[in-house]
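Read from first to last, the chains carry the letters A, B, C, D and E; within each, the first residue is number 1.
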C-alpha cells in the first residue's frame, strides 16, 4: 500500500508544482467534457422537457430508446464517429479526426441521451401542472419551458451532473476519435489508461483522484448556480 | 336575446369524456363585466368546465367562441386569447419561488415594465395582506396564505375573464370577505368577467349576478341569482342550494 | 494444425474458444502483450498444451509494462513478453525465473504508399528516421514505454534527433494496433512489430517502408513468476508451459503459425 | 460503408446461429451487470430514499460527494479493486482476481453512486409529503420507505436503468479486474475492445448493436415491471 | 378540573419558530370522545398545531403527553402512539394508486386481515359516495372526490384521535353534511376524539363541543361552543366569528 501513497503523492506533486503537461491535460479534459455537456444540455434539456410534458403513454417507445442509448458503449460510439470522420468516411474531408472537436462530438453523442432521459424523468413529477399554471397565466412557450425547467431544477442539475460524470470519466470514445496524442488530444482518462498500460497503477490512481477532485469542484459550482438561480 | 356584441365567450356543444361523459354543455354564454357563480355537487364537472374555457383541457367535441370568433387551434392568435383570461386552480399551485415573483409572473409574461410590475405587486400583496411575506418562498406558506397569493397572481394583469375554482376554500370569514370585495370591485370597475366555482352557496348568492347549477356534467339551470335561490325551476336546484341533495 | 491457423479464423476473437473434449484439471494465468494474443498465436498454441496436460491457459493481454507489473505482483503464473532488457533485470532481481528466448520476429517501418519521405530503398532504420525528420513527415509513436517504443526511441537517439514535442511527432500512448490505425489515418510513418502489422494488414493502407535492418530485431521471452516471491503461484504448471514452448514440438508450431499467408514468429533466439 | 454492413451482418449471424462463444459472452455480460445492478439497487435505493427525505441543506456535502463518485473513471475503479484483490493486496488470499465476482464488485462500486444519487433526486420531488402522509396513517419505517419508493417509481426506474447502462457499457473496470479471459471473464464490452484493437471495427460495432438491443429488451422489461407494480 | 384519566392528549409549553414564532401553546388538553373545533385566521398556526400533535413537526420546545405519558422520541413506543391517531392534511394528498388501495392503506399498515380490509373499505367508499370510483387512479379525481377519499382513508382504522385540517373545504353542502354526520357519529359511538380545523365558523358551531380560537400563534380563547359564539370573553373572538376581523 505504500506504493499507492507514493503514486498519489506523485500525482499531487505534479499538480501542485503546476506541471505544464499535466495542466494542459486537465484543461483539455475540462474543455472537451465541459463543451460536450453544454451542448448536450442545450439539446437535452428542451427535448427532455418536451417529452416529460407529454403523457407517458405516448412517449413510451421513445423513452425506451433513449434509455437504451444511455447504455451505448463508449467504444462503439467512438467507432461510429471514427468511421464517419475517418479519411474514407463521409465526413473525412473535414479533417476532424484526432482533434478535440471530434472528442466533443463523441461525448455529445454519449451525454445527450442521459440529459434527455433524466430531464424527462425529473419533469414528469410535476411538470404538467406547472405547465398548465404557466399557460393559464399567459406564458408563451419559451417562458413555459423555462418555468417548467426551473421548477425541476434540482432534477435537471442531476441530469447535467450525471451527463458530465459519464463523459469526463469516459475513455473509450475519446481514445478512438482523439487518438490520445500527447499535447494535442490527451485528456485525464486517456492519460490514466496510458499510465495503467505502463504498469504505473499507483500514478494512474493518483491522476484519477485529481479528476475526482476536479469533478467535486465543478459539482459544487453547479450546485451553487442551481441554488442561486431563483432565490433557492 | 341580447346584443351579440356583449358576449365575451361562448360555448357550443362542448362535450368531454373520460371513462364516461363528464361534461356536456349545449350552449353557454358569458357577458362582459358580469359575475357568474357555478355551483353543483362534487364531481359534477365544474372544474372541467373552467379548464375547457381556459383552453387547458381540449373538449372532445364542440367549439369555443371568444368575442364571437372561434379560438385558433394554436399560434399567436391563441396565445393572445389565452392572455386575456386566467384560471385560479382548485388545487393551489405556486411556483417554487418567492411570493413576490409568483404574483409578478403573469405581468412578466406579458412584458410589463419593471416599475409597473413592482408597483402592482406591492399594492396587491397589501390588498391580500401578504406584504410581510413578500420575500418568503411560496412553498412554506400556510394553506390560506397560498390561496391568497394565487388570487393576487391571477388578478395582477387584469384579465378580461377571471376563472376562479373554489378560490376561498381555505380562507376564514374575514379573508373571504376581503377577496369577495376585491373580485366584485374588479367586475364593477374594470368590466372584468368573473366565473367562480364555489361549493359555498352563500358565497354564490353574495357575489354572483347569474348562477349556473351543474349536475352530472349537465347544466341543470342557469339564471339570475335571486331566482335560483328563491324560485328555481328544478327540484334538484332547490335541494342543492338548501343542502338537502341526497347522493 | 497449420491450415486452421493460416486462414482468418484466429482473427475472430469471438469464435476462437471452442472448448475441446479435454478434461480440464487446472488453470494457469499467462500475462502477455497484445502482439502475441491479438494475432491469434496463443489461440493456436494453448489448446494443444491443454490437450497434452489438461491445464487450461487463461490469457491476459496487456501493455508490456502492465503485463510485467501484473506478473511482479503475483497475479499471473507465467509471462510471454518482449522487452528483453527489463526482463533480464527482473530475473536478476529474482522476480521471475526460468527465462528463455522463446521466439523472435522483427520490427519494420511502415508508412503511406506515397512515401513522402522517400524511405523506400533506404537500408537502415536510422537513415529512414533522419529522412522523416528532415521532411517533417508525420511519425506516430506508441509513446507508452513499451518494448517497441523503447526501440524507437533508441533509433531516434542514434539518429541524433530529439523528436519529442515536434509538430510532426505524434506520441499517442496506445497499443500497436491503435498506433497503426492512427498512422494510417494521419498518413504517417511508424515503427511496428511485424506480427501486429500482418495481423491487421487488412484494415489499413499502410505499406512496409523499411525492413531487414539487423537493428530492428525483436526478441520474445517466456518466464515464470518466482515461487519464492509468490508461494501461491502454480510454478510447476508454469514450468510445464515453458517446457512446452521450448520443446521441439512447440518451436515447430511457432514456426508454422501463419496469418494472411505470412509467418509471424521465428522460433528461439534470433541473434545467434 | 459496405464493410460496416458486413460487420453488422456478421455479428447478427453469430447471434442468430447461436454461436456458443458469443452466447457465453452475452450471458456473462448480463449476469455480471445484472447482479451488479441488483446489488447496487439494494444498496442504493434505500440509501437514496433516506437522503432524499432529509432536508436538502443537511445532505448538501454528501450529495456533492455522491455526484462526484458518479464521475469515477471506470479504469480507476478497476485499479482500486485490482490493488485490493491482487495477490499482494489486503484481500488477495480470496483469489477473486480475474473472476466474474471481481467484475461484479467493480461494477457495484460504479453503479451504486448513480442509483443513490438519482433515487435521491427522484424522491426529493414529493417524497417528504408522501412520507408524512404515510407516517400519519400509521406506517412503520419499512412501509414508509416502500410507499415513498413506489410513489417515485418512475424516477427510481430511471436510476436503475442509468446504473445498468453505465455498467453494461463499461469496459475499463471489468478489463482490469476480469482480465478479459476468453471463456471465463470476457464480456461484450471487452470483446468489443478486442475486436477494435484487431481492426475489426465493423464486427465491434455489430457486437455493440447486439448489446444495445439487449439493453432495449431489458429496459422494456423493467418498464413493464414498473407499470405492473401498482396498477399502472 | 375533571379526572385526569379522561385526557387523551396534552400539550405543555409547546413553541414552534420558523422565521418568527408561529405557535406558542402554554397548555392544551383534549378529552376522549369530544369534538374540538379549531378556528382562527389564515396563518394563525392551526395547521402547525395539528402537525405537532400528529408528531410530524417537532416543536422547538415543550412536551406532548399521550394518556398522561410523554411520547417517546422514537422506537416502537412512538409508532404505537402514532398509530392511535391520524391527520387529514389541509392539502389533499393521495397515493398514486387506486382509490380502494388508498382507503386500505392505514388498515394494511396495521396488519388487518384481508377480509376485514375489503369489508371496511367497501362500506366506507359507500358512505362517502365513491363506490363507483373504487378502481380509479386517485390522481384523476375531482377536488371534492379526493377530499372524501382522504377522509375515508383516515377513519378506516378508527384512530383514537382524528385530526382534520379543513376536511370539507372543497365539498358542496350536501357532502359536507354527510361528512359531518360521519364524524359526529364516530365521536359519539366509538369515543373517538376529533380535532377539526375549519375556517367555516358555522361548521365549528354545528359539530364541535369545544371551540379553540387561535390568533397569531396563541390560543386566544377556548371554551364550550355556545359560549364562544354567543358570549366570547375576547373582542377578537367575537369579531372573528362574525367575519368582521380586520387584518
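What we mean here is this: a residue touches a chain if its C-beta (ideal position, glycine included) is under 8 Å from a C-beta of that chain, and two chains touch if they have at least 3 such contacts.
Keep in mind that this is a model prediction, so the values were computed, not measured.
With contact taken as defined at the outset, subunit B and subunit D are each touched by A, E.
Touch-path distance (fewest steps) from subunit A to subunit E is 2. Here the chain pair with the top count of touching C-beta pairs is A-D. Distance from the centre of subunit B peaks at C, each centre being the average of the chain's Cα atoms. Remark: subunit A and subunit D have CA centroids separated by 18 Å (rounded to whole angstrom).
Note: centroid distance subunit B to subunit E, computed from Cα atoms, is 29 Å. Subunit C has its Cα centroid 36 Å from the Cα centroid of subunit A.
Taking the mean of the C-alpha atoms as each chain's centre, subunit C and subunit E sit 80 Å apart.
Residues of subunit E in contact with two or more other chains: 91.
Across the assembly, subunit C contributes 175, 178 as residues in contact with two or more other chains. Residue positions of subunit D touching 2 or more other chains, listed in rising order: 201, 207. Of all possible chain pairs, the ones that touch are A-B, A-C, A-D, B-E, C-D, D-E. Here subunit E touches subunit D in the complex through residues 54-56, 79, 82-83, 86-87, 89, 91, 93, 95-98, 101, 105-106, 108-110, 137, 153-154, 157, 159, going by the rule given at the top. Chain contact summary for the complex, subunit A toward subunit B: residues 129-130, 132-140, 143, 147, 150-151, 230-231. Residues of subunit D that touch subunit A in their complex: 1, 4, 56, 60, 63-65, 67-76, 79-80, 82-83, 90, 114, 117-118, 121-122, 124-126, 152, 154-155, 158, 161-162, 164-166, 168-172, 176, 188-189, 192-193, 196, 201, 204-205, 207-209, 211-212, 215-216, 219-220, 223.
Within the complex formed with subunit D, the residues of subunit C that make contact are 11-19, 29, 34, 38, 43, 58-61, 73-75, 175, 177-178, 180-181, 199-200, 202-204, 230, 232. Within the complex formed with subunit C, the residues of subunit D that make contact are 14, 19-22, 25, 86-88, 92, 95, 97-98, 179-184, 191, 194-195, 197-201, 203, 207.
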